[in-house]
Amino acid sequence: MSAETTRIEAFSDGVFAIAITLLILEIKIPAGSGPLSEQLIRQWPSYLSFLISFTFVGIMWINHHRLFTHIARSDDVLLILNLLLLLGVVVVPFPTAVLATRLGGPDQLPALILYNSTYVFIAFIFNLLWRYAASEKHQLLAEDVDPTSVQRISRQYAFGPVLYLACLGLSWLSASASLALGFALACFFALPPHVVASERSNGRN
Amino acid sequence: MSAETTRIEAFSDGVFAIAITLLILEIKIPAGSGPLSEQLIRQWPSYLSFLISFTFVGIMWINHHRLFTHIARSDDVLLILNLLLLLGVVVVPFPTAVLATRLGGPDQLPALILYNSTYVFIAFIFNLLWRYAASEKHQLLAEDVDPTSVQRISRQYAFGPVLYLACLGLSWLSASASLALGFALACFFALPPHVVASERSNGRN
Amino acid sequence: MSAETTRIEAFSDGVFAIAITLLILEIKIPAGSGPLSEQLIRQWPSYLSFLISFTFVGIMWINHHRLFTHIARSDDVLLILNLLLLLGVVVVPFPTAVLATRLGGPDQLPALILYNSTYVFIAFIFNLLWRYAASEKHQLLAEDVDPTSVQRISRQYAFGPVLYLACLGLSWLSASASLALGFALACFFALPPHVVASERSNGRN
Amino acid sequence: MSAETTRIEAFSDGVFAIAITLLILEIKIPAGSGPLSEQLIRQWPSYLSFLISFTFVGIMWINHHRLFTHIARSDDVLLILNLLLLLGVVVVPFPTAVLATRLGGPDQLPALILYNSTYVFIAFIFNLLWRYAASEKHQLLAEDVDPTSVQRISRQYAFGPVLYLACLGLSWLSASASLALGFALACFFALPPHVVASERSNGRN
């Protein structure tokens, strides 16, 4: 983090924080008749949808945080790429809610396509933002950044769009396989450069 | 607070601030017929629910702030534990609203169980996060941290899950006893390491 | 501003920012029949209510910002007084909306009482927070703070609760006089220590 | 950015972040009958309205960020001008939503007038804020600021109110011409001092 990128991070943190908190508004207070416990249980798709969205937005925040630990300078192109990324973050609750209302029904396929396309878009922009910042031409990374760590992130991120396109393709074959791959991908992007990152942050002190 | 944890705190502050502000949306503008004062008074469960949620989220923020005064480094596990804590914060308005609509009615028990379970979860995660950060193995605390202060927080937090489980158990015996214990617990977590904390902050200058 | 109060300010800024932005949700998109321009004009109480709330929350933010320019240290009592102040900020949209729907109608008086009571509460807490921070016993102000500036703020704030109580009293005599005094008070709290404040900030550089 | 303007920027970032994130709440989950894909496609005006608002608020944030890279000091007039600017930001979703529901219908003209007037107001306040901060009398800019860069911003911003008034005038002649000019203006304000700005930020390191 540097003084120059502080405000980009503050604005992005605000957007991530609001997007993740607004998700709770989707869960309605049961107001129907019948025992409360049954009404609460019947709402399980809302809880599932909330948890998936929360996980995805949370992991996107961790990734954004990780990238900007390395990025020390900004320019107008980076600002615009970051806005495109935030566009993806802000949109997430919409396809998730659509999916939650259609899963298992006759309209499952278009809902799944919408849902997976959003993640293809986000994976693509994450890649673009990182490649732009890490390119030798633009030199937006911190001077003391570890080149191995940069390479590992680049390699991990290169898989993103391809794997999310595979997720999208799986929509036509099997909804559960597509969702399972999506969840595995989220974990993949939450964890890998973990070792590198914590070595660096321990070494820094 | 350190540069390394600044963004975690900024993101968490955002989530706490939004969660606490969204609570007001639950209070509806009276639109029925009859004198306004009567309509306003009839809405008392909304005000009570709002005040309880506001107090709990506010006290959770104070606790989060207190922990991160001691935590100086972060790693990916801390990021994920913090996300789980924020999951609890974001969820709070839902069980509170459910409780407010059922208190005193036939569905009081399931509403109370849902409500108390949320706090058991939060107390458990708060403990986990603090124990992880304070463990000798991970060394995420600031070097100049006062060991007595760390021990006092650890000891206070150890009571959390047990006492909130007692609250949950009381749900089956007496709703008012369970709520009264819950409120006493909130005060307990707002105040105790107070003396230690202010001594430290005076001494620091 | 100091490192120690940074997070209180960040959390408070979040609450102020959200409270002021949520106000727009009160203005509904006209969906009735008839020409759009007429429907838009018929909604004037919503616009007025929005503008008054925006002005009040904005001026409260300026005051909060001004106080924390002088406050350099915090303790648990300050945290709790600040939470009480934020409680007032979060609540403001509710009495404003109630007033907007009843102004000029038979239920004007209870709406006006609710509205003015909120401001009495906020003025009282603002006073309490400032007096606590500025008291010699607690020494929470910055060391280099100008004593004249502190005294001027104390003197200005001392008028707050009394004048807002006068506003509340006027509710029974004349709604327009009460609202006019309220607006004059907002201007009074936005402007006065202006001269002092800008002298200080120029001198500081 | 300087310590003195940090809190103005934090508060403004919060308002921008919330305003841009709340936009997604306007897009409703399709709940009607008929195939999902058709229902999703029928909602295109909501998506268009969302994208336009997102772009405008995002570009306003970039401009706000750009101005405050140069502004190092603040006073009460700047605080109030900044609040007026945030008033414009907070309001944007309302005229955009009104426009989205009336575009192509008989009520297109008043909706377009409301929409363009908002941007005239914002362009006017942006100008006022910048001229106030950059005036020799108030000296709110950083000492090391590049005078050429200041002049270029002043020159670019001077066009704002005039060009947005032209947009407003075009409303009576052709809706599409007015909207196209509005979009071109947004791009104009996103890009121009780009070269200057990135030269400065490279040179700074």
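For clarity, chains are labelled A, B, C and D in written order, and residue numbers in each chain start from 1.
As a working rule, a residue touches a chain if its C-beta (ideal position, glycine included) is under 8 Å from a C-beta of that chain, and two chains touch if they have at least 3 such contacts.
Nothing here was measured: the structure is a model prediction, and the numbers come from that model.
Mostly differing positions are employed by subunit A and subunit D in their mutual contact, as under half of the interface residue numbers are shared between these two copies. Matching the C-alpha atoms of subunit C with those of subunit D calls for a turn of 90 degrees, to the nearest 5.
The centroid of the Cα atoms in subunit B and the matching centroid in subunit C are 26 Å apart. The mean-CA centres of subunit B and subunit D are about 37 angstrom from one another, to the nearest whole unit.
For subunit D, the set of residues touching two or more other chains reads 10, 13-14, 17-18, 22. By the touch criterion stated above, subunit A contacts subunit D in their complex at residues 3-4, 6-8, 10-11, 13-15, 17-19, 22, 25, 73-76, 79-80, 83, 86-87, 90-91, 93-94, 97-98, 101-102, 107, 110-111, 114, 139.
Of all the residues in subunit A, the ones that touch subunit B in their complex are 1, 9-10, 13-14, 16-18, 20-25, 27, 29-31, 35-37, 40, 54, 58, 61-62, 65, 68, 190-191, 194, 197-198, 201-202, 204-205.
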